[in-house]
Every structure is written in structure tokens, then in C-alpha cells.
Amino acid sequence: MKKTAWLAVLASSGMLLASMGPAAMATSGAKSSTFTTINEYHGITVGAPMNPFNSNGNTFYGFDQMQLGWFTNSATNVNAFIPGLASKWQILNGGTVVNVQLQPGAKWSNGKPVTANDVVTSMAVAFTQGNAQAFFLGSVRAISPTEVQFRQVPGQHYNQFFNNLMQQTIVPSFEYGRLMPSNIWTIINESQYSGNNAAKQALAQKMQTQLTDIGKKITTFAPANDISAGPFVLKSLNPGEAFLVKNPYFYAADKVQVQNVVFRNYTGNQQIWNYMIAGQLDQAPFTAMPTNILDQILHTAGNKKVVTPSFVGAALAFNQGIYPYNMLAVRQALAHIINRNAVQKIAEPVVGTVSQYSDGMVDAATPQWLSSAQIKGLNPYAYNLQLATQQLLKAGFKKVNGNWMMPNGKPWTASIYTVNGFSDWIEAAKVISSEMTSFGIPTQPNIVSSYSQYLQELAQDKFALSFWINALGPQAYGTYQRIFGPNDGYQIVGGKLVHYPYSDKTKGNWLDIPQVIRLAHGKVVNPGQLTYSLNNMTTAQQRPVVAELAAAANADLPMITLWNYINVQFVNTTRFTDFPLNNVGLLNNPAGVWMAQGYVHPVS
Amino acid sequence: MIEVEHLQKVYTTKGNLLTRSQVHAVRDVSFRIPDGGAISFIGESGCGKTTVGRILAGLETPSAGVVRLDGADIHQTPTRERRDLRRKIQLIHQDPYQALNPAHSIEQALSAPLQIMAKQKSGSPRAWIRERMDEVLTMVGLEPASVLYKHPHMLSGGQRQRIVIARALTVEPTVLVADEAVSMIDVSLRLGVLHLLRDLREKLRISLLFITHDVAAARYLGQGGQISVIYKGLIMEQGLTEVVIAHPRHPYTQALLSAVPVLKGLETMGADRFILAKEMNAQSDAQAGCLFADRCPFAQARCFTEAPALIGEDHQYACHFPEVRQVAAVAAE
Amino acid sequence: MSAELMHGKSAEPAVRVRGLNVVYATSQGDLPAVRDVDLDIEAEKITGIIGESGSGKSTLVMALLNSVGKPGKIVSGSVMVPGVGDMLSIDRERQRRARGKELGLVFQAAQNSLNPLRRIGHQVLDLGRSHEVRDLRDLLRKASDLLTRLGMDADRVLTSYQHELSGGMRQRVGIMFALILDAKIVILDEATTALDMLSQASVLEIVRELHKERGLTTILVTHDMGVVADMADRVVVMYGGEIVEEGPSGSVLSHPAHPYTQGLIRAIPRISGAIDRAVPLPGAPADLKTYLEPGCPFYQRCAAAMPKCQANRPTSLTVSADRKVACFKVTDHD
Amino acid sequence: MKTVMARLAKRLVAGVIMILVVASFTFLLVRLMPGNPVEAKYQSLLLNGLTPVQAMDEVRVMYGFIPHQSLWIQYLHYLGQILHLNLGQSISYEGTPVMRIILGAAPWTIILVLTGTVASFIVGILAGVIAAIRRNSPVGSAITISGSVLHGIPLFVMALFLAYVFTTIWAVLPFGAPYNAALTPGFNGPFISSLARHALLPVFTYALASYGGWLLTMKSSVISVLGDDFILASEVRGLKTSTRVGYIAHNAILPLFTILALSLGFMFGGSLFIEDIFDYPGLGNLLVNAINNRDYPLMSGAFLLITVAVIASNIITDFLYSVVDPRIRR
Amino acid sequence: MSMRLPKTVLHNRSANPNFRQSFWGFAWRTIVKKPGRLIGFAIIVLFALMGIFGPYLYPAQLPINPNAIYAPISWQYPLGTDFEGTSNLALVVTGARYVLFAAAMGAVFTVVFGTILGLCAGYFIGLTDSVIMRITDFILTIPSFPLLVVLSTVWNFGQPVAMGFVLGITGWGGLARAVRSQTMSLRERGFIEAARGLGLSPLYILFREILPNVGSYIAMNLLLAVTGSIYAEVGLFFLGVVPFQVNNWGVMLNLAVFSAGAMSSPQALPYLLSPMLAILILTLGIVLFLDALDEMFNPRLREV
């Protein structure tokens, strides 16, 4: 009889499957106040804690994860912020002291108020994560229950001090305070010691370890419920979706018109495309895509493309430690061989524009930093095979039977490395390979299975030609440290610049750019040091330095910028209207920030 | 001349430590076969007769006892010589359908052992092999040209068994062990194979160990030789073939002879014929007395307590109460 | 149950086979396996059918039950069984019921004739249910009695699986299955071939006793002339799909008429008499080539073959009161 | 029964040893894999638009979860932890216990594979019997061909095809999530219906892919049983057709149960493509992500779980077999 | 069984001294008996030719055409084009070599490892058997596809031989076990005992006596291993978990799905369908042909 029971269960489950046809068709978007989007920063992970300090934690930046303010991505004004938990702020003493007033009426989702003490605790947490040290936070003081004062480490003039502290995650003291010992500030202060007293140095070492251990504990901390000071709070989640509801205690709850937010999980771009083609996403973040997909997406009712500036470029980087790429002529010749127009058209037709200058910045930033005369001085490296041939012949290369021989007599072959899943890179690598091969340099695209393997092998100098993200802006330091930073051996250790040679395989110098570069007008510069110096300069002070760096990057050509990304995102207007389409600074922030500012209304 | 003394074989059955047990396949067997002589082992299945044959052929190693071929102990000689020595004793399998590799032609089957032999001969090995193949095939009554290229499945059972014998002859053996060599062959062809074996024995002076449960076949083949009746690995009765069949003294021998069907119209039933109804019980090994006592219709109290020894000179038997019974059928005319 | 049969005239045969032809369908066309067989099986007698492998004896027996398996098929003929009718033309359900109930078969491979996954007792019950036996408990009792009669521990056997029984025991269980529904016609197809001497003798002894006790009609199919000679009242000799000789066993053995029968008897090694009386039979058994040739199937091996034998097939002729032979040499003389 | 238990105990010990061997092997192998998980995370956060400050903030602590001791010490530690059923902490999930991550993913794979296997088993077996009995008829040939073709098509090709048909061309079925997150999990209608709707496509794909195998195996099993002597014997004894079919089915299906149990053991490795293509959040997906992120503890853990499942199913199969097959029971 | 025909007659037609030739003749007759088998055979031959000669039909670097991205099916592009305007047909044809060669190598390695280890385990019972079988259990226990994924990142798969080797070492377990059990049963057969008794060397017995008798089983497995290897390697490339540098079907699938959006956009669909079609046709060919192999070697299915 057991057998029949078994079968009955099966049969009934079969009927269940059959019976749930159309009735269950209604998707979560049917209720018009549910806003569906994608979390571009990390996937949804069941089992990961609802903890913003965990890199896979289930909290959503701008929705239930709050900070003092939201950066507007201005290239030249690092202090342009939209208020977050901070309603007002004063930058004093040349940027070394900052006073912040909290939003009146800011509350956690359990009804408790957000206080200055929460901010102080959050900064302690930031120390345990190593984050506060990165912007030289010296001290934090609650001036009143709603006002906090921040000071930079004495003697430091880090120009992004305010920028960084505004972007620190604020968490409730009643949750995270418990995780740290009561003498946490003593530990922090002792660990910060940088003098020459050996005993104090040893103590600092010990305290740093202690701090790291506390940090680990904090990242694994799993609160029972999501506690949010943002417009939403996480209610439930499964491996495919996270479901957030409006936080009634949010300080600007009356401005928030959206009742629920659903985050879709994704593991690859093609999934986001599918969601958009199905018209299921009310807002979708930046995603690389081919033209056919763009057409398909725009074909769907309500989908709208929104373009904002972006400060990212994709480049082909040379490992100058590998022959023959140590020769400037070779790098420049390749720049003439590669038809960047064709590359962009095939690889990144939708969210990319052909790069003009190869000066280390995105083209949108170049006019903001350089004068037109300086721009004219840049070599455009136009597609010109003849020029490339001349340069190579001059450098001692020879063409035999249609293929190039290197000056050392060996045939010149090449491999261009990219990463699986990075479709634009792969496609670009294929196109460039074709171009180089038909020019007489047999070239193959090589696709590494995972990004982590790619980066490791890159650092181990296994690749001569590889793809790299450069021009990461908007700030000048962030931009140039992609070229003349850690990948060139320049690292900041204990607040000081150190240069590791190419021969040290463990320290990440895989570009091996000469330490000094002679510019067109004869000046010799050290780009690593110049880049580092940008950190402590005002915008005005930075201008001449950026100009020198641009000239250096253009002349020495450590990497060829192939295209600049444009930040294309999508919104769907069938269920919601009133997106902040004309507010570029806001658009660069998550949709939760828009909603908190009163944008995004359900279609009535 | 092959001599076997006090042969024993004990198997340990597979199983875990608790259930592992020992099976005595051969308890104590001794015999000798002169060149050109023959001995027939008869007994029912599971009596250990096949094990004796396999030990002789080198397929099993004895737990105790000695097998000597022309004075050399085949289990104690150094490895290299042992292979040559063992080749002198060839086993003819019960099943000719399994004894030949279906993937090989007859030529392949015969030439493989000949190639080894050829190394020891002088002259052109290829011609020698060819010649020798013809020779052995003719010897077993087959026409070389018509069988050499064939594969086993194209031959009848009788022909296959002849090929098997021919293959054994390629290595010039001095002893043949024929284990139920005709039981799988069609009735009309059986006698032909038996006849061939008898011929070889006489012509090539090969010693023959014939293992069977068919007393009549043993009688035909073992003419002038001996018969050994074996039960549970122990010899029950042993003697000249004619004598044992005509005057069996052990009840087990008598039971075997009684079981031979009587050819009505040609024979009359033996006066004392009896049919043994009880089956052999392999588990009742541990008893103290005669191994056959539990099935013996003539058993007395003493048989259950005391094991009989093998007594007698030319005609040996292991029975406390040996009594000649007229169980074999008698020819009608 | 089979009252008619019990009280039927003894002159009426228990099975009457007429004009039976069985062929095997092959890619080379239909090949005959049983040819033009007419046979009367006498009631309450033991009939021995003897032949070598490929002689068609097993096919004949399966044809009696109309159970010839693929690729064989019965082309023509009738098998009349009193109380049942023509096994070859009655409907399938009645055929099925006749099998097991009227005609019991002990299989050549009786060792493997039991479902390995069911206890013997369960299989007895399956059999009972298939033949609408009302009192299943009684059936089990009968099985138990029969098994005891066959010299086995009935309770143990009924609760055993096939693999727990020895070869001899399985054979006896097979006999039990053939008899349990009181079949009056029992066919033993090479039932003792795989057994050794002692087991064979004891099984045959039991068969002989049951045959007598129950008044059975027993058909013994074997290749062993000795067994037939020992057991059978009548003997039927088959060669190449045909019956070549038929008659009372004593008379056939002592005075075989067909050259094949003669050769076969001469080729038996015996334990009595002069050893050299045994003479090998030359040649190879019949195969399909033989079947296809027009002449006498034994022509190739026959020492007494005449030119006539190559082209013409001798038909079975009655040579004396109860003997039939299919040989030109015999029939032409008479 | 005593011997069965003794055998079981023996198998268990052997199984534990095998688990340790596999664990050691995968531990070492997995650590041979090249890659830098933290740098990758950082760089991808940058690509996704986080500022370097935010991205660095996110990943800085991950460094703490990368083991720094020598391989040998790590190995000993790893073995020690396994004995305490602790699979360590994930790198890419920043210290979340591997066990918790795996247990979070396992239910989805189990739903997917169990339902798919059972469904395909039942349908495949029935079709196999028909294909064997009617093997000379057009129906039988058609069934056999359907089985061979479905068996022959690679899983990912079938999954891609079905995904294209049912989510793009004729978008009736959802994908990408195991159920609608707005619903409360539990034994309520909407939830179960959502669960089933989301699982339907992957389960169907899995079932379709396994159906052919069952069919062909069952067909050959039935054909071989049909040739057995006892089936002929049951005919000449006049057993009813239904009884005979029962005999055939019982004997033919027995060997398949072993395969069934074994295939359930392999389930965790087997659904990799389906989970990837339909983005179903099971163990296969987890493993692929772990590999791509070079999350060594997670990889070792997933491997170990798969191995344990295989070994356990082996033991259970062995045990069950000795229960259902009297020939093995002693 | 009594029903069986005398064995001798079935093979009379092969009473030909040159048996080997007649086997090929028989094989050919088996193939042409049903049109399906002939089609299967033709497909396999076609793909083999594609693998051997395909790359010579096109220039080493397939031409790209930025003006014909995802071109529709036409005479110029019978299967459409890909993201850079390269003919999909050219990609399928030139991509066949790596896929098929690696699959063939994978099958050969699988069969060689499986056969040799199975033969040795089955023949040299005892310690050899135990050791080999423990290794086999180990291989069978580790889920092969994930293992393949891990191995493939440690290894470099530039050469199809390397790919084949890895496919082989992860895939021989089942075959070894089957060959072992067949060897063990053959070992008990009379002709092996006879060969031992005749003093033939173990090597001769293993490879000349036993191997031919498991040959048919191995032949079937070789063909099955080819398909298995194709699926495994194409699957690996499709998932993108292994480094790759050459054009092959799996890479096409990967790029079509994950880069070109073929699953979402009909324009790119031919790019996805081309390699799928190639795999399916080859699969079909092998399935159809297996039927013939089955009949050639499996007497049980051979209808008399």
C-alpha cells in the first residue's frame, strides 16, 4: 500500500503544477507601487548577513543602507554632495575639520532616533574595517545629540577627507556598539601611532591586529532583522529576489511614493537584458550590451534610455617588462594599427564612445582639465598602417613573407588576454587580433576563465597585452593611479609613497613604466610621484600636474585607451513616472536616493 | 610418471571475519600414474575430483602434499623451470565451447603455444610450426586444411574438443588431465573423443587422468588402468578398473554403479542395485566417523564414530563393513 | 477434474500429433525445425523421445504446448489432447489454462525456471490464482505433500528463494510445479541432464514412482539413450527434425532398425559386456544444411546409404505391430 | 540481518575513509587553482560603478579570510575541522560559514533533481517497458528513437533551447528566482504555486534529459529478462498475463533502482548546466560561482558535499539492494 | 535453451579464409541495411572530414566585416554572421577541429586508461585489483564535471591533446569497472586457463586472448566516449570556466549567450543556433550509427 500512497503524492503534485496556470501569472510588478530593479553591486546571497560591512551582505546601498551624503560625481568638485543622513555640514580649516548636522527626525526602522553617537560608532567600525585610516580620520566627537565633528590626522591635508567621510556607512550603535569593546577608541588611537618609540610601535602593531579581529567579527555579524535608517527596509529574500518595504520611520517618509522594492538577482548581463526586454525592471543600472539588445530593449513599451557622464575607459595595456613592448616604437605602432572606430563599433557600440586622446583620462574630462593648446599637443594616434610600418622599420623590425620579425630575429606573435564574461573585452580582443594578424603580427585572443585568475596572472607578468580599466574618475588621483599607481609599483605605505620594482613579482608592478618620462617639450617628470601628489592638492593646484600626467601618458603610451564608457541606464515608465532625468548628480546615485528626494511616482 | 602424495586443498570462503569458514575440497589423495597409464576419478559433483585435476594442471596450489612429475616436485621448482614443467601436464576442459577463444582462428589457437616451443627448436620456426600444426591435427583426426582457417563457432562440439586436445598436444605433454571431457558433446560424438584419448595414451605413452561421474566412460577409457572413487576429497575405493566395477566393496562405489541407467533389452539390472535418495550435505563435515555414513544405507553405529582407513593392497577401500554387492548391470547375452 | 481422461479408453492416445511442421524464421528464410511429425503418445505410459541437439525434440515438445518461442513458428498440424481439444487452434485463454493444469512441463533449464525474487510458496500461490484454484491453502498443503514426497524439507523449500536451493532441489521443485495442479500429462524435457549420476538416478526413481501412483502419461525428452532405455515404455528417435524410428523400448534397443538408432546404441559405453563393443558414430549431427537437403537427413553419416537416399526422403512406415521406421533400407526390404 | 549490519558497518568505515581521501585531494587541488579573489571583487565593484573608496571599503576585510599559513598547516586544520563538521568560512562571502551557504543552496537543487529524477524515472520506466515489449512495432521504435535522441542531446543544448522557447519566444514561465520574494514561505497556496511555477522549467528540462537514459536502460533490462528461462517457464505453467508482466517488471526494474539511488547521489554535480542557464540558485550555481571567485573553502566544501552524497547514496543503495534483492540478502 | 538454432549454421557465409575482410564486408552490410544508419555514418564521416580539412578551407584569421554584424542568412553567409561579421558557417567548420580532435583524444584516453586498468584489475586479481579498484572508486566518486572544471583551471588547454587527456583521466572509471568485470568472467573461461596452462605470457593472455573478446564493448564505448567528451568540453567552454583561446563551438555558444544576447534577440539567434545545430547533427549521426554498432557487435539484439 505504501506504493500507492507514493504515487498519489506524485499525482497530486503533478496536478498542482498543472492547476497553477494563469492565476499565478501575476508578477510582483502587477501591484503598481512595487518598484523592481537590480542590485548592481553584488548578488543576493541567502545566508549572507544583513550587514553592510559584509561584501555579500544583504543590504542595499541607498535603500536600507545609509550614509551621511550622496556624491554627485563631479569631476572637479569633490565636495558636491546631496544630503543623506546629514542635513547640513561645514568644512573648516582648509578641509581638515568637518562639522555635520544630522537630519532632524532621522530614525531607525525600529523607531529609535539616529544620533551623533551612532555616527561615532560607525566611524569606529570604519576603523576596524581599515576604511577610516584610508582618509586619515583623526578624531570624531559628538558635539550634541545631532551634531558631529570630524578631524583629520594632525599634519595631513588629504583633499578627499570630506568626500570619504560622507560616504561612510552609518549603522546603529545599539547593534554594532555591542560588537566592540568599550575601550575601542583607545585601541584605535594606540593603533594609529606613527612615531619612533619602539614600545609604542609594538603596541600599535598589537592593537592593529586586535582591530582587524574585531573587524572580522563585525563582517560576519548577522542582525536578526534589518535595521535601516533609509527609505526602505528589507523584509524577505530568496536566492532570486529581495523584497523591501517602505520604512515608515524614514525622516522623509512623506516624500517616498514607492511602497515596495524588489531587487532581482543576476549572475550575468544577459539576465539583466532579459528582464529589461520583458519590461520587468523599473530601473536598470549600467550594463554592457550589443546593439541588437539595445534595439530589443527599446522596443519594449515604457523602456527609456538615460545617459549620464561616466569616467571610465577601457584600454589595452602593455607589460613593458616583456620584449618587444618595452620599445616605445612598438607601442606607438600598435596604436596606429588598431582601428579604434571598428573596435568600438563591434565591441561596445551602445555604452562606449571611441577614445580620442589616450591621455589617461576619459575624453569628457580632458577639456575640463586641459587647455585647447594642451589638447592639440596630444598625439591622436590615428589609424594609419603606413605610419606603423615606418615606425617598426625604424626600430629594426623586418617584414618577411608578410609577417613581422622582431629586431632579435624572432617572429613577432602576440596574445591578447581578456576575461570570460567580459563580453566587450573579448570582442575587442578578437577584432584587434584580426587587425594585428592581417598587419603581419599573428595574434590570438586568450580568454582567462575568471577575473580573479586574470588579475593574479596579470600581476605575475604572464600577459604582455591585456585589457585594463583606466581613466577611472572623476577625481584626478583616482584616474591616474590606474596607470601610475599600484600597477606601476607605486603604493602608499604608512602614508608614504614607495616604489616596488618590476622584478619584485609579489608587489603588483606589471606595467613597468619607466620611472621618469621625458615630455615633448623636454621636461622630465616622475609620473608616480606626480600622481601621488594629487592627493593633497586643491583643484586649482592639480591642473598643471594633470596636464603633465596627461602628456606623459600620451607620450609614453603605457596603455592605449580604446573606448570610454558612457553611463547608460534604463528606466521603465509604464508603472512609474517622474524619474530625475535632468538631475545628473542624483541620477548617478541609486534609485533609493531618488525616492528619498521625492522622485519616482506610481502611474495613477 | 606422475606421483601424487597426500594432496590437500583447503579453501577459505569469502566473507567477513566472523562468517569466514574453511572448506576442505581435497582431504587426502595419493596416487601414481605410470607413463601411458590411466587413472579415472569418479564421484559426484562437489566431491573434489575437479580440484585434484586443477592442482595437477597448475591452476591451483595445494595446501599440502606433493605432486611429482618424473621425480620433480612441480610446485617447488624455480619459477622458470616450473613453467616448462607445468606445460608437461595439460588440462582438457569439460566445455569445448569455452575452451577455445571465440576471437581466434584455429591457426591462431595452435600457433601461440607453438611459437614458444619453436624458440627451443632449431631450423626455420615458421616451417616447423606449420608442420607441427598439421601433425597434431592429423593426430586428433582432423584434416588440417579444412579447419585451420576456421573460427571455433564454425565447428561442432566434437571437433572443438579435438582441437582442444590438439592444442594440448602442441606442447608435447606427458600427462593429460581430462575433466569431464565429453559431457558437453553430443551423444553420438562422445565415444569418438573417448576413443581418441585412448589412442593417444597408447601411441604417445601419455599418462591420463580422467575425471568423470560416468562410470561407463571411465571404464571405456581406463582400460587396464585404475579407478579412484572419491567422496568429499577422500578416496573411498581405488583399484583396477575392471575389478572395482565388477566387485565394488564400498557402498558409495556401489551407489554410483547402481545409478548407471540400465539398457533394457541389452542388459539386466544388477541383483543388489539400490538408489541413493539422500543428497550430499556439504555442511556435515565435522562428524567424527566415516564421511559417507550419513547417506550410507548400510551404516552401523561404528561408522559414525570411527573413520575407516584405506585398506587393501591392489584393491583399496575405506569401509568398516566392505561387502561385495552385485549392483552393476549385466549384459543380456 | 479430468474425469474423462481417467476413464477414457486406454486405446485412445493421450496426445495425438498430426502433420506438425515448425519452422524458424531467419534472415535466410524459414528453416524447418520439425517436419511432418505424426505421433501418438500412449496414455499412462512413459514415452521417451531421444535425439541429439538440433534434432527438433525440444521444439516438438514446446509445440505440444503451443509455446514455441520466437523466431520459431508452427506452420501446420494439430495437437489433440482429450478434454482440451487441439492445442494449436483453441483460443489463447484456454491454451493458457491447459498449460500447467492438463499438461505439466519440467523444463530443460528447470534450474532457472523459478522467479528469483519470489519465495517458492508465493509462486505456488501465483500458479493457483492463475488457474482459479479456490482453496489456496489446500494447494499449499498439496505442494507441501509433493515436496515431502520428493524427499525435501517442504517448509524450508516453500519459504526459500531459488538461489537458496541446490540444483537437484530446484529440479525437484520444477517437478512439483508440473504436478501440483494434477496434470495427467507430464513432459520432462532434459530434466535430469544437468544433474550428476546420483541425483539423476534418484530423480528418475521418483518420476517412475509418481508415474505409477498417479497414472500419469509421461513424456521423457533426452539425449541419453541410457535414461530412455531404463525408464521408457516406448521410445521415439528423432533426427533432423523428423521421427526416424518409434517402438517399444525393449524391442527398439535390442533390434534397432534405423541405421541411426543402431549407431547410437553402438556408441554407448557400457559397464557390462566387452568394452570394444562400443563403436563411435562417424560424422557430425544434423544442422540446418541437412534440413534443407532433399534426401534422408542421415544420408551423410549413414554407412548403409543408397543412391536413392540422397534425393528422396524416406517417410515413416509401420514395419510391425507397433514399430515404425523411416528408412528405405528397412521399408524396401519388407 | 546480522551480516547485513556487519556489511553496512564495513561500508560506512570505507565510506569515511573515501571521504577523507577525496577531501584531501580536493583541498590540495583547489588550492592549486590560480586566482586572486579579493582583487577580483574590488575590480568588479569598480566596474559596477562604486568609487574606489567605497570598493576598497567593501573588500578590505576579505583579506582577513584568506588563509596565510603554510599549505600543510592549512591542510591539518582543514581535516580537523571536517571531523567537527565545520567546513570553514567562505572568502567571497566574507566569513559566512561554508556550511550555511551550502545548506542555503542545497534545498533548491534537491527540489530540482529529486522531482526531475522521479518524474523521468516513472515515465522512462513505463516507456521502456512498452518499447521492449513492442520492440518490433512502429510505436516501440518511435519510443526508442525518442529516448535515444533525448538521451543524445547535450543537457546544455536542451536547456538553452527550452529557455529560449519558454522565456523568450513564448514567455509564459518565470526564471531567475526560486519563488516570488513578496510571498511568505510556508505551506500556503500562493507560495507553493509560485515555487512550482518557478521550478517547472528547470525540472522539466532535467526530467526530459534523464528520461532517455531510463527508457533505454529499462528497455534493455526488460529484453534481457524476457530472455530468462523463468519467464518461459511461467508461460508453460500457464500463469496469467498480468502475473507474468509483474514478474518481468519486478525483475527488470531491480537493477534500475541501484542506478536511481546512485543518480540521486550524483544529483549535486549533475544539475550544474540547468542551474546556470535558468539561474536557479542551487549547488551547481554555487559551485560555478565559487570557482569563478576562487573561493577555496566554498569549493572544497561543495566538493565534499557532493562526494558525501555520492558515497552515502552508494551505501544506501547497497543496503537497500540487500533488502529488496533476496539473492544478495543472506 | 532448446529453442536456439545450432550455432554452426548462422555463420556459414563467413567460411572465408580471409575473415577480417569479411568482417568489414559484414559491417558495411550492417550499415547499409537501414537508411538511418547510412545517414548516421555519412554524418560522422562528414564531421571527421570537417575536422581534418575544415581549417584549410578558410584563411587562418577569419575575415571580419563590421558592416555585416549579425547579418541574416544569405548565400554569402549561409548561417548568418557573428558579432564582428564573421561567417558562422566558417566558425563552425574551422571550430570543428579542436572540438573533434579533443573529443577523439578524450575518447582514446578514456578507453586506453579504462581498458588497461580494467584488464589488469580483472586479470591480476588480488592486490593489483584492490589498488586499481580503489583508484577507480575514487575517480567514480568525485563528480567528474566539477573535477574537470577545477583541473582545467590548473591545466592549460591550449592543445586539444591536453584537453583530451584531462577528459580521459576524469572519465575512465566506469569503463574500467565494466572491463574488469568482463575480464573476471573471461578469466574463468576455459580458454584463458588453457592459455595459462600452455605457458603463454600474461601479456599475451591480456592483450591477445582477453582484449579481442571485450573489443566490441570497447568499440561501443569509444564512440560513446566521443560524444561524452564533446559534451563535456563544449560544456566547459560554454560555461566559460576554462581559459580558452581558440575558436570552437563551445566558445561560440558562450559568446552567443553571454555576450551577443542570442537568447534575447532574434538577430543574434543564428550565432547561437549554428554550433547547436552542429552538435545536434553530430549527435544524431552518432545515435543513428550506434544502432548499427549495436547490431554488429551485440548478438543479443541481432535478429536471426
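Every chain is named by a letter (A, B, C, D and E) in the order it is written, and numbering of its residues begins at 1.
Heads up, the rule we're going with is that contacts are C-beta pairs under 8 Å (C-beta built on N, C-alpha and C of every residue); 3 or more make two chains touch, one makes a residue touch a chain.
Since the structure is predicted, the reported quantities are computational estimates derived from the model, not experimental observations.
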Co-neighbours of subunit E and subunit C - touch as defined: B, D
Length of the shortest touching-chain route, subunit B through to subunit C: 1
Which two chains share the largest set of C-beta contact pairs: A-D
Euclidean distance of C-alpha centroids - subunit A vs subunit C, Å: 90
Between subunit E and subunit A, distance of the C-alpha-averaged centres to the nearest whole Å: 46
For subunit D paired with subunit E, centre-to-centre distance based on mean C-alpha positions, whole Å: 24
Centre distance in Å when subunit A and subunit D are each reduced to the mean of their C-alpha atoms: 37
Sequence positions of subunit D contacting 2 or more other chains: 33-35, 167-168, 229, 232, 276, 291-292
Subunit C residues counted as touching two or more neighbouring chains: 53, 62, 69, 109, 285
Overlap residues in subunit B, where contacts from two or more other chains coincide: 156
Subunit C to subunit B touching residues, read off their complex: 52-53, 151, 166, 168-169, 196-202, 204-205, 223-227, 229-231, 249-254, 263-265, 267-273, 275, 278-282, 284-285
Contacting residues of subunit B [partner subunit E, same complex]: 57-59, 83-84, 86-87, 89-91, 93-95, 98-105, 112-113, 116, 149-151, 153-156, 164, 167-168, 170-171
Subunit E-facing residues of subunit D, complex: 18, 21-22, 25-26, 29-30, 32-35, 148-149, 151-157, 160-161, 163-164, 167-168, 223-224, 227, 229, 232, 266, 268-270, 272-273, 276, 287-288, 291-292, 299, 302-303, 306-307, 310-311, 314
Parts of subunit B lying in touch with subunit C, wherever the complex brings them together: 44-45, 156, 158-159, 186-192, 194-195, 213-217, 219-220, 223, 245, 255-267, 275-279, 328-333
Subunit E residues within the subunit B interface of the complex: 7-8, 11-12, 14-15, 17, 19, 189-191, 193-200, 204, 208-209, 212-213, 215
